[in-house]
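All remarks here apply to the structure that follows.
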Amino acid sequence: MSEESKYLLEVNDLNTSFFTDAGEVKAVNGISFKLEPGKTLGIVGESGSGKSVSAYSIMQILAETGRVTGGEVKFRGENILNYSEKQMQKFRGEKISIIFQDPMTSLNPVFTVGYQLEEAVLLHTNKTKEEAKKRAIEMLTLVGVNEPESRVKQYPHELSGGMRQRVMIAMALCCEPDVLIADEPTTALDVTIQAQILELMQDLQKKLGMAIIMVTHDLGVIASMCDEIMVMYGGRVCERGTADDIFYRPAHEYTKGLLRSIPRHDNMNEKLVPIGGTPINLLNMPEGCAFCPRCDAAMKICLTEKPDEIQIGDGHTAACWMNIKEAFEAQEV
Amino acid sequence: MLKYIGKRVLLAIVSILIVSAITFFAMNAIPGGPFNKEKATDPAVQAELESRYNLDKPVTTQYVLYMGNLIHGDWGVSLKSGREIWPDITSKFAVSAKLGISAMIFATIIGIVLGSIAALTRNKWPDRLIVFFTTLGTAMPSFVLATLLLLLFCLELKWIPVYNSSNPNYILPIISLSVYPMAYITRLTKTSMLDALNQDYVRTAKAKGVSRVKLIFVHALRNALIPVITYLGPQIAYILTGSMVVENIFTIGGLGSAFVTSITNRDYTTIMAVTIFLAILMVVANLLTDIAYKFTDPRIDFNN
Amino acid sequence: MSNENLELKKRQILSSQVDLSKFNSKNFEKATDEEKAQQEVMGESTTFFKDGMRRLKKNPLAMGSIVVLALIIAIIIIAPIFVPYSYSDMITVNGVRDKSASNLGMFEYSNAEMKYMESTGESLFPHIFGTDSLGRDYFIRVIYGTRVSLSVGIVAAIMVLIIGLIYGSVSGYFGGKVDMIMMRIVDIIYSLPDMLIIILLSVVLKEVLASKIKGTALAALGPNMISMFFVFGLLYWVTMARLIRGQILTIKNSEYVLAARCIGTKDGRILRRHILPNCLSVIIITTALQVPSAIFTESYLSFLGLGVSAPLTSLGSLANDARGAMQSYPSRLVIPAVIICLIVLALNLLGDGLRDAFDSKLN
């Protein structure tokens, strides 16, 4: 490999749009991040913030109307956006795998669990059908599905939601990918099952050593397991940093608002404050900061100019004019 | 599963009984029997004829007698020709079945292929072309198509000989009969294929690294075929009724034209026999598709 | 690191990255709510109906179909006022039956008509589609045939709608045992081979009705047409009933109906104000698609000689009549055939357009 870097995956200035009848919907507007092997990156944001679309852009599994319009996605130094469809087919599932939000609809209802697992194995290895079946059972055991020998003969609708998500994880990991993208893996599950699935993922990460990109709107999920967190709004990155940075030293008004709106053990006596307004319309993006119409602290400059990401600590960056204002005022004094 | 099939068979038998009862009582409600010709027949002869065919007994008794005979395989004799009906039905059904089954196979295969092509090339020219012709196809009654084809290819251009029983040429009848179901199956396949391709499980398969061809023909098509299969059963009814018209136009001596002739002739026993025969056929076809449907879609619970 | 130190470090990092001199204090004044609101460009809010109409207007096929249907309806209403011929009787010249007027081509005049025109100098209304073998003006026959075919379609659809709506809503709303029994009946009717029954009943009813309606106003319609309405109404409502029941079951279990019930709304009002408006789009679309299917069936029956009785005619029976001489006079076959296709095509496209525009489940 030409330029071996310490990063497994590098995303630079990624732009993705959907071309609909109503116009171009800019779902992702220039996001960048780097991922080291074995680490976990969390992407948080509300619906429509572009977090899932970013994940799909990396895998190139966007819906028909969607297209990556700019930027690069480097895997081990190679820009996979330049891959042919054939190369991409080889790449998906073998190097990067993804699990989806809704295990109810993500498995094909007319094929057995075993068939769908074996298919994934057969696609990327030279294993025989027999060996693939063994691998499928092995994977099911690994993700904690009981009686895996009989499960492989069952159809998805015969399993519970938690079981199906385990099957999805088994399917994603059966070729031991370097990166696992988890697109809201616990949103559709019961709270007790959520914890089990998260624990399973952390456990498997320890055993298999893959990196994880955890896409979620649930700050609680992120806090416990991510090395780095990226907060997205309106298809842009607002703030990134460690869990400590985000939770205890938020530097973007959106992150601050987000934290005020969820219950925490250290501010139990404070009132929860929701973020007012409605999520932005991606068809007509504001000229300035995307969050500005809903921001209580919005300033004149926020209306007209988009803030750049500014580093404000070790590995902690934020794209908010408030930080510049503070620096400006400090300089005046 | 046996319980389910048993229930369906029971429903099928009830439908057949109802059809036969409707037919039987409807036939008897028509004023004027088969022997009421313009010329008055000798009353003695008429009474003799009526008692021979049980026409002098109450209608309900006639019905019970008729159904009793039917169970023993006696389909009765034609009131017009005096011949046994059953051999007539089988020989005519052979012709109709040949026509109907060929048309159905033709329509299904071409329909699924065209539908898949349309779904894959959505909003490009092959799709637009297919949509144009299928829209036209569903707006054209088979008798219009059949007469126009006959006029054009047999009578004007003389490319294809007119059908006759010694030298049967089934091309035009098959085309006339299959265009509507073909157009319908194409539309159905396209819609359900597009629907399937937008499903999460297709995205999952894509994310696994499944190739586009396999994605379409294994993961999506299998799901997309479910509505097509449910459509095929009732389609038998269309093929059989459509064949009444098409057989009529091409003067093919099948069961469809026999039905129409027997109605115009008020040949009670033949009407009864043909109706019940066709009803059994349709009900069985529906039953088979229902069972086939449950096998294609594992989500269907047999006990429910 | 203490908080103060942290702040200091943050400022150092910041000033190394940003050239603060390009800002002035005005930049950092608070933005007013109006200014913020201006930035927030929202999607227009529309009503369900407006939104659907907007989508329908954007669909050129559906709009074209509306134009075609409007034209056809306008012609069949207006044309008989201008065309001085009767659909049922031979053309008369100067009060005398014109025996030479049979089998005329398009825009041809018969010998008797030519003579009449020469002698009097007045021009007669042209036979746009020519005449048939009995010397009747074919254009006016096609007009009346279209009237019959269209009204069969519309009346059948309305009957199906009424029966299906009542049956389906009762079954769906009351549920339980009532629903079970009503749906079993539907299951049985559904499994009947409908075309056979239609043919059979239309033949039988024709015979039965012929004697019953003699001398009444209904006689003008003819027993065939009445029996056809009867049969369509009797058999085709089941699909509609199933559909409406399904819709009502879904809506009945929705939270807003529960909410209405909680504040003590009565059954009838819930049905009228909450349930029916919510399944309206499905009902309208299904009814719209029922019209072409009834026209289709009617044309089949007429083509088999089981349709409307002479001298009344429909597009199907016109096509059937023309078969005998189709090689010599193909236009008589082609004209009604094309009109059937045109009407069915337009109605199908309109129905599809309505579905695309109004069915919320599809959007």
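Side notes on the structure shown:
Lettered A, B and C in written order, each chain numbered from 1.
Following the convention adopted for this analysis, a contact is a pair of C-beta atoms (placed from the backbone, for glycine too) under 8 Å apart; a residue touches a chain by one contact, two chains touch by 3 or more.
All values reported here derive from a predicted model rather than from experimental measurement.
Common partners of subunit A and subunit C, by the touch rule above, are B. When the interfaces A-B and B-C are ranked by C-beta pairs in contact, the top one is B-C. Located most centrally within the structure is C, per distance between chain CA means and the overall CA mean. Comparing mean CA positions across the assembly, the chain most remote from subunit B is A.
Subunit A and subunit C, compared by their mean Cα positions, are separated by 48 Å.
Averaged C-alpha coordinates give centres for subunit A and subunit B that are 53 Å from one another. Centroids of subunit B and subunit C (each the mean of its C-alpha atoms) stand 26 Å apart. Of all residues in subunit A, none touches two or more other chains. Subunit A meets subunit C in the complex at residues 249, 277-278, 280-281, 283-284, 286-288, 292-295, 297-303, 310-313, 321, 323-332. Residues 187-188, 191-197, 199-201, 203-204, 207-208, 211, 292, 296, 299-300, 303-306, 316, 319, 323, 326-327, 330, 333-334, 337, 340-342, 344-345, 348-349 of subunit C touch subunit B in their complex. The touching residues of subunit C, counted against subunit A in their complex, run 6, 9-11, 13-15, 17-18, 20, 23, 25-31, 35-43.
Against subunit B, the residues of subunit A that register as touching in their complex are 59, 61, 63-64, 85, 89-94, 97-98, 100, 102, 105-111, 119-120, 123-124, 155, 157, 168, 171. Partner subunit A is touched in their complex by these residues of subunit B: 122, 198-212, 219, 222-223, 296-299.
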